[in-house]
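Two complexes, one shared chain (subunit A), two partners (subunit B, subunit C).
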Partner chain A sequence: MEKKARQFGYTITRDRQIDYDANKHDISKIVAAAEPSLNLCISCGTCSATCSAALFTDFSLRHVILLLRRGETSGLAKEVAKCMLCGKCQLVCPRNVSTRNLIIQISKAVIPAQL
Partner chain B sequence: MTFDLFVLPFFLGLLFLLAVLFIKYSRWIAMMSGPDRVKAGMALFSVGMLKTMWEVFLESLLHRKMFKRNPLLGYMHMSFALGWFLLIVMGNLESRVYSGGHINPPYYPIFLKFFIHDKRVLPFEIFTLPGFFRFTMDLILLFVLSGLVLAIFKRTRSRWFGMKRATKHNKLDKWAITSLWLIFPMRLLAESFTAGLYKGGGFITNSLGSIFDAVLPLQYLAYPAWWAYSTMLGVFFVTLPWSRFMHIPTEVMLIYLRNAGIKQGKYPGSFAELELRACPRCGVCIDVCQMNDAGLNGSTAVYFIRALRENRAEVQLNSNCMMCGRCLEACPVGIDTLGLRVGARSVDNIMVASDFSYLLPQPSVKRKADVVYFAGCMGHLTPGVKNAMQKIFKNAGVNYNFIDKDGSICCGRPLKLAGLKDAASKLTDENTLKILETRADLLVTSCPICYKIFSDDYKLKGMQVMHHSVYIDKLVTEGLLTLQPSALRAVYHDPCELGRGSGIYLEPRNVLKQIAEVAEVAEHGVNSLCCGGSIGELGMNSTQRNTIRDGALKMLCEPQPDVLVTACPLCKKTFDSGNQVAVKDIAEMVAESMTINRQPVNNKELVEA
Partner chain C sequence: MPKHVIVIGAGPAGLETSANLAKLGIAVTLVEKEESTGGHVKQWHALFPALLPGTEALDAIRKGMPENVRVQNKTTVTGIEAVNNYFTVSGHNGWQEKADAIVFATGFQLFDARRKEEYGYGIYENVITSADLEEMFATGKSLVNRHGNKPERIGFVHCVGSRDEKVNNLHCSKVCCITAVKQAIEVKQMLPEAEVFCFYMDLRMFGRHYEELYKEAQEKYNIQFIRGRLSESAEDQDGNIVLKVEDTLLGKPLRIKAGLLVLMVGMEPLAGTKSLADKLGLTKVPDGFIQPADEVLQSNFTELPGVFVAGACSGPKSVSDTLADARSAALAVAGFLKL
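Our next item is the complex of A and B:
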């Protein structure tokens, strides 16, 4: 089936359900308490568009925030570690999110738990 | 008689102090690295020791830097430091003369007037001044007391001393300063009472003594006064090692080690520990700190250092600093406040940035060129700057290689400022390889943040590093660029990393003066304000940043310029968002006002002509 679909220029995304009840929401709360501007994010993606690290990797702050809010925090430690803290995202953010501190706070909330 | 019970508070306090200092200093010496210990040992017997002693005299006794800041403030500090020092030296000489040159117990010179009520003129005094010692000792005491009067005034009138805000001291410091302040009046009283009783003393103690003698029962008061004097000394000595006055012995040690070529190094480490204790909490750093504008007055260098010394450092306190370096410039002790801040952050942020997958797929930039151009992250964020630089290169006929045209990894400075030295060094290593691949002679960058780390930490094997403002100045001087003057009125803003960070003030002004009329603002050069956009800060929100930006803009716009010129893409971006005045980078100003060469210039011909 998948092979056939490819021949027509389509791909099939596997069925995926987000189980909000099973996800970890406490980390998002910890981060939001440490850096309240997380709550300002509208997921516009400007940060990811300007990101220096995103030029070379699949790192995306927008995606990180999305996962964080959903509570899918298991892979976050690996993701946020790719940031170089250069600060471009902070300057372009239309909502004035303190993105650099946000990254640091996510790392602190997530990394010790996943080591 | 050379002993009395009342000397004990002083004597025991002194012994206690010396014991504590001995333990503390031994611990620091033990903490020092091997090479540092050798350096420190060698310096003891070098010519540099003379320089060190001179610096100790100028800074620790005369308080030269305090004088430069404000003469009254300088005098106040000098009268205490130099005055007390002279009292000790002269007191010792005096006691030697009376005891026939013997080595006396340490309390003997301090309380000499209690033990000796001599009114005779000493043999050599006949030829000089009668009562030489008594006169001099009184004069020095008066000198110290004049400082004390100023210090009391400073409590409520700190503005007279050039300080809007003074340090808020903790309890122990209050105990210490109260005992210090009481030492000298107590000495005056004790000596005057005794002089009144025995009709001795110098010009002050004698006359005060006769007055007291007429109205007070001195035979009952003199002895308690000596007890009070001794007790105050004792209290001061016991509180000293844990109070701000620990700076007295530590600053001397700091000057010595600094002149021996020892750097701050790792945190926590011996030199950093020493720096923490060398802070006198004078509060000079408080007024210069722009974090006050944002209502963040708890993280100023003096409070940050105190918290670090007392092991109360908090993440928030460590993060709230723009690393602009204004406190570093103001500090009379020369404590590396920024280094300590980075050190504290290195403990806080140990977990951050540990994946370096972005280091692998770097585009190759091997093309040989004379000049390598690196716009930097911020340069890319302000396309006007990098476009202007490309125009300038082209117009001057320079063979250049724009190595981060298609993006690049960060220079590593932001990570370093967040305390992540190891992560930063991964980036610097990778960038170094990339830069060296080009085999160019000169690296030009548009970003002062990159420039700072390129020149401080990168090992570029003789390749010269220039900020674009310096490079443009060089092009103009060499005649490769011709600038046309305009009627614009401009103010130049010194970016922190370029000015205080790298000492570049002249070149951008040289260039700008040829294009526009330059007006200087109140806070320029080393005193320049931070724009508020700093990548060194980790904890502020955007409202606080904007307050700092607006404060800086208000000062910069005072001469009502047509354009605010800076040399840092981050400053430009930050000031731009303030919507107060047109903001341009020096490169953009140049690109707009240079004469366009129709034909590519041949460098050699121009140089020969």
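Our next item is the complex of A and C:
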């Protein structure tokens, strides 16, 4: 479609909206069941400020958690692969989110979904 | 026999409760561990939102204190016992009295910022607390950092020791967002050239005229608000503090230097209050703040008849909240004593 569009000299702008109703929310339910502290995140960004991976990539655990909770899961497998599982985020989280296990559970949940 | 009530703690809560009880004809002993009354407000140079000087507020509260209030100062209450239908209260220095009812007005303690080691208080000279800043304002000297320079940039860190389960304080301290806005404005008034930043998770402007003060901070003083929580700070060779936060609204890690960093320390329950409550057999002291019998309908009652609470010992409060709570405590006590 996009190729054709280029051929014929017009462009298609993709809708940027989060289509919450169309998105699938089963992955966030699976992850929340495996690691309930997912639901305690308050998006403060302390994890992402301290994150070893965030210095060199655009990885942000805070952002990943939000994507998951909105059902925006298509890019998650690529995202969580950037995490080095160093655990620094777990030391700083004010809500005691079990961040390392959360990332492991997200990986488990999204990798089969994207194969 | 006239009824006798012991009020523990002579901050704004204890002073206002005592004055109102006395006006109702009740004899009051107001016990205070320090030499003078006034509690934490003695340390606050100016009170939000209208910058009323702390000393003026206290003078107004103390003014016209009825004669049937006796202040027992330099006495830390260490024991309370319920005996039949009265209470025996004793102090660390051997002082002891009986009362028909008691009021906890023991307030709070400031969070010890050294417990958040990664923020550098007590390690880097240019990291101070909001309480230190009030003290600097009170001296009236020009604002300089610990190296004697005027800081070009000042950062305020919200929620230090509050909303942080790593230090066991889940609660919000309620007053520190508006205190940060107030102090940011005061700093800008002293150093108009300086840049001032507030780092916050949520801005809780719950009180009357707080939102207005926040808007004034933006409009008149160009104070910058960055939504992100400090993860750690470090010191560079020049003594500047280098902060690491995520700018969560942009979704990028942010590094920023400040010549002075102010930590907005929260209110914690006093350890001594918890131990007194334990001695009395109060069970509802979930996090060290005394829980009223009912938070909506009976905010000054506890689960024990004759034992009342007023002010910040039942949870973070502003001075105006504290005074209103104290007046209502006096009425609750009078009702109990069937006056």
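For the reader, a short list of remarks on this structure follows.
Going forward, the second predicted complex is superposed on the first by the 100 of 115 C-alpha atoms of A that agree within 3 Å, B and C clash if a C-alpha of one lies under 4 Å from a C-alpha of the other, contacts with A are read in each partner's own complex, and residues count from 1 in each chain.
We take it that a residue touches a chain if its C-beta (ideal position, glycine included) is under 8 Å from a C-beta of that chain, and two chains touch if they have at least 3 such contacts.
Values in this document were obtained by computation on a predicted structure and should not be read as measured data.
On the shared subunit subunit A, the superposed partners subunit B and subunit C are arranged side by side without overlap. In the superposition on chain A, A:23 makes contact with neither subunit B nor subunit C. Using the contact criterion defined above for the overlaid structures, shared-chain residue A:96 touches subunit B and also reaches subunit C. In the superposed model, more residues of subunit A are touched by B than by the other of subunit B and subunit C.
When both complexes are overlaid on chain A, the residue A:55 reaches subunit B and subunit C alike.
Residue contacts after overlaying the shared chain place A:37 against subunit B, while subunit C stays out of touching range. Applying the stated contact rule after C-alpha superposition, one finds that A:104 touches subunit B and leaves subunit C untouched.
In the superposition on chain A, A:83 makes contact with subunit B only, while subunit C stays out of contact range. For the pair subunit B and subunit C, the least inter-chain C-alpha distance in the overlaid model is 6 Å.
Shared contact residues of subunit A, touching subunit B in one structure and subunit C in the other: 50, 55, 91-92, 96. Interface of subunit A with subunit B (complex): residues 36-37, 50, 52-53, 55-57, 59, 78, 80-88, 91-92, 96, 98, 100-101, 103-104, 107-108, 111-112. Listed in rising order, the residues of subunit C touching subunit A in the complex are 118, 159, 163-166, 201, 227-232, 244-248, 251, 253-254. Interface of subunit A with subunit C (complex): residues 42-46, 48-51, 54-55, 58, 60, 62-63, 91-96.
Here subunit B touches subunit A in the complex through residues 319, 349, 351-355, 357-362, 377-378, 380-381, 406-410, 412, 414-415, 418, 420, 427, 533, 535, 538-542, 570, 573-574, going by the rule given at the top.
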